[in-house]
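Below, chain A partners chain B and then partners chain C, in two separate complexes.
On to the complex of A and B.
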């Protein structure tokens, strides 16, 4: 089975415990969302998976075999990371040739085709690109390497909305044509919720959620209506925030909804993934709790 | 009146016309969203407003007086831009002291207070910060300078969802407590639609939309239902994309909705700002049009 097994991985940087006994499987041919706050440990995990940094303890197995000193296993994964390791002044088209040496299944023709869709000029040096176009350059490679595992760390950083839209479409196309395991780490949670199947939430170096997007989304809902009615309804509910506008109120609630107990005159919708994530990862005693979750 | 008047500004870089006869007013005490594709001219406009770069022709007036060689006018604007101009190795807390010299109304106590909310360690050198925390550092200054005009270029780049949430809340708080004119340039359109009043869309150096968020949002809608019914309904409509799932279809339509002509069994919602933006700024003959707008 083509899976990545992460077994009891821990990693400390100085005083900071970046990963704390992390165990997780990334199964074959699934798209995962790896979500977490800034500094939660997402990038550390992705870098350990691909042997760019080494864990203090624990191991990573690909198809049951440890990735340590295992070029075959490592060659089956591609990590699009924040850092790029191309020589200064290298042009994009030359980076494509260079990639082909390390990833024999890299499809240069396809990379050039999607570069054109994004209007990326492949004659430019990589270092001359803006934040958005640096991401696009990395996307053109990640979507063309054709490895069984593709790991994407903040793939849409700096991209405009149209380009993000195009990226999500190309990703789904790629996944349909060449099924593979994709792990996307991103802060644009609401957008990515439309392309991912499973969600892994990491918080302070620990996995706090690992379930299907659908299952997680079923755990939160909103209730809207006149303030008095909503206030009465939510009295004994786990309310995580609200919006008010004139006499109207929307409350965000964690838990399973029981539609039969809903009073007349209120409307209910699912809680979106981003708001759910924000609540699940807010820290106890966090200063920001003095604000309403009103947006 | 405290307004920024941009009069017939043009700017060319080499072969590229970055701004093409741009005329626009930013009125007192409003929050504007300055939206555009990568490379549309947003940053050039913001840099010209603050005299960091000079236009080839046209002028910028603040309260009716040209900003050229006018330190008072320039001191009334603060631009949070992609580039930071602080000396290498300068610590955040020293940057706060430095800011106070140039912006006498800068509230250092408040900057430190919100730094703590974001868990920004102000003893760190600015250059040691991650992408997200570099944005947070700049946010703490922008929300504390207390100038009549605050211009924010990609303020939430790299921020996690919780921090973006906190930023939007603090921005609204600031605006309520000290009304001012705020211009936000961002690619996270759906999120910002909740805090902005007016929208300015720039495309290829030209202003293509300048109207209230509400007015713009009233111009698009979606229709969902069984494929056959939706297909019949949209026959003579300006359809900009659709989603299909089994026998169901959602069509995205530009134009005013006439609810009386809606057939039974279809549901309609407003088109969100991001999808509307994507369609308005897609270029004719753009390669990406070969894809459905399906996300």
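On to the complex of A and C.
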């Protein structure tokens, strides 16, 4: 089976604990969403997976074999990251040629084809590109390398709405034609919520959620209405957060909704991924109490 | 056919319902081919597993069938079957909700009947 197994990985930078005993499996032919606040440990995890940085303890296995100094295992993964490792002044079309040497399954014709769709001029040097086009350049490679594992760290950084739309369509098309394991780390949660199958939420270096996106969403709902009615209703329920405005209150709840026990005068909606994420990862420091006092 | 993330129904149900609507309104006629899983997922930017789950509901209920290597087609007689199914759901989906809202607004029984008659005469 083609899977990435992360076993009990820990990593500290100085006195900051970036990953704290992380254990997770990325299964074959699934699209994962890796979500977390800034500094949660997403990029550190992706960099450790691809052996760009080394964990303090724990190991990463591909098909049961450790990735440490294992070129075959590392060649089966492609990480599109914030950093670009190509030499300055190198032209995009030359970067494609070099990629082919490191990733033999790289499809240069396809890369050029999608570059054209994004109107990326491949005769330009990589360093001359804007933020958006630097992302597009990396996307054209990531979607053409044809490795069993594609890891995308903030793939849509700086992309306009049209280009993001094109990217998601090409990604799904690629995944349908050549099934592979894709991990997308992003802050644009709403946009990926329907693209991903499984969701991994990381907070303060720990994995706090790892399940199917649909299962997670089916568990959450919101109840809003007058404060007294909502407060009575949410007793003994798993409330992950709430907003209040005057006498109105909206509670975010995890659990099955039982419509027959709902009191009159309250409204319910399903919880979308973005709101669920915000509630799950809110910390005391940026709580609404502080927000209220600053008003 | 529109996929709405804010909709109470999960995406795969929306896909199944959307195809049913298209069959009922004659956009996908009986014995004609419907778009593939890839076409649905790319077009609506949804995970192929979700699209598959939606279409499988229709395969299981016999509304569409697979032709090996060719794709998926609308079953003969699907329109009639769907009409029957939707009629059964009509009471739950529309009449119950109508009465609930009418009660909240204190609309009397005779007023509801009058409104339905007015609606029918506007047709």
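We adopt the following convention: the second predicted complex is superposed on the first by the 247 of 295 C-alpha atoms of A that agree within 3 Å, B and C clash if a C-alpha of one lies under 4 Å from a C-alpha of the other, contacts with A are read in each partner's own complex, and residues count from 1 in each chain.
Operating definition for what follows: a contact is a pair of C-beta atoms (placed from the backbone, for glycine too) under 8 Å apart; a residue touches a chain by one contact, two chains touch by 3 or more.
All of these numbers come straight from a predicted model, not from anything done at the bench.
A.B. asks: Using the superposition on chain A, decide if chain B and chain C clash or fit.
C.D. replies: Taken together on chain A, chain C would clash with chain B, as the superposition shows.
A.B. asks: Please determine whether it is chain B or chain C that touches the greater number of chain A residues.
C.D. replies: Result: the larger residue contact count on chain A belongs to B.
A.B. asks: Using the touch definition from the top, say if A:71 reaches chain B (first), chain C (second), both or neither.
C.D. replies: The answer is neither, since A:71 touches no partner chain.
A.B. asks: Classify the contacts of A:256 with the two partner chains as first (chain B alone), second (chain C alone), both, or neither.
C.D. replies: Neither partner.
A.B. asks: Would you sort A:131 into first (chain B), second (chain C), both or neither based on which partner it touches?
C.D. replies: The answer is first: A:131 touches chain B but not chain C.
A.B. asks: Identify the partner contact of A:15: answer first if only chain B is touched, second if only chain C is, both if each is, neither if none is.
C.D. replies: neither
A.B. asks: Taking the superposition on A as described, I'd like to know which of chain B and chain C A:31 touches: first, second, both or neither.
C.D. replies: The second partner, chain C, only.
A.B. asks: Could you say whether A:194 touches chain B, chain C, both of them, or neither, answering first, second, both or neither?
C.D. replies: The answer is both, since A:194 touches chain B and chain C.
A.B. asks: Just checking: does A:168 make contact with chain B only, chain C only, both, or neither of them? Give me first, second, both or neither.
C.D. replies: A:168: touches chain B and chain C.
A.B. asks: Same chain A residues contacting chain B and chain C, which ones?
C.D. replies: The answer is residues 165, 168-169, 190, 194-195 of chain A.
A.B. asks: Considering only the defined contacts, which chain A positions touch chain C in the complex?
C.D. replies: By the definition above, chain A touches chain C via 31, 165, 168-169, 172-173, 175-177, 190, 193-197, 214, 217-218, 269-270, 272.
A.B. asks: Which positions of chain C touch chain A when the two form their complex?
C.D. replies: By the definition above, chain C touches chain A via 3, 5-6, 8, 10-12, 37-38, 41-50.
A.B. asks: If we count contacts the way the header does, which residues on chain B are in touch with chain A in the complex?
C.D. replies: Touching chain A from chain B are residues 36-39, 82, 116-117, 130-133, 154, 157-166, 168-169, 187-190, 194-195, 274, 277-278, 281-282, 287-288, 291-295.
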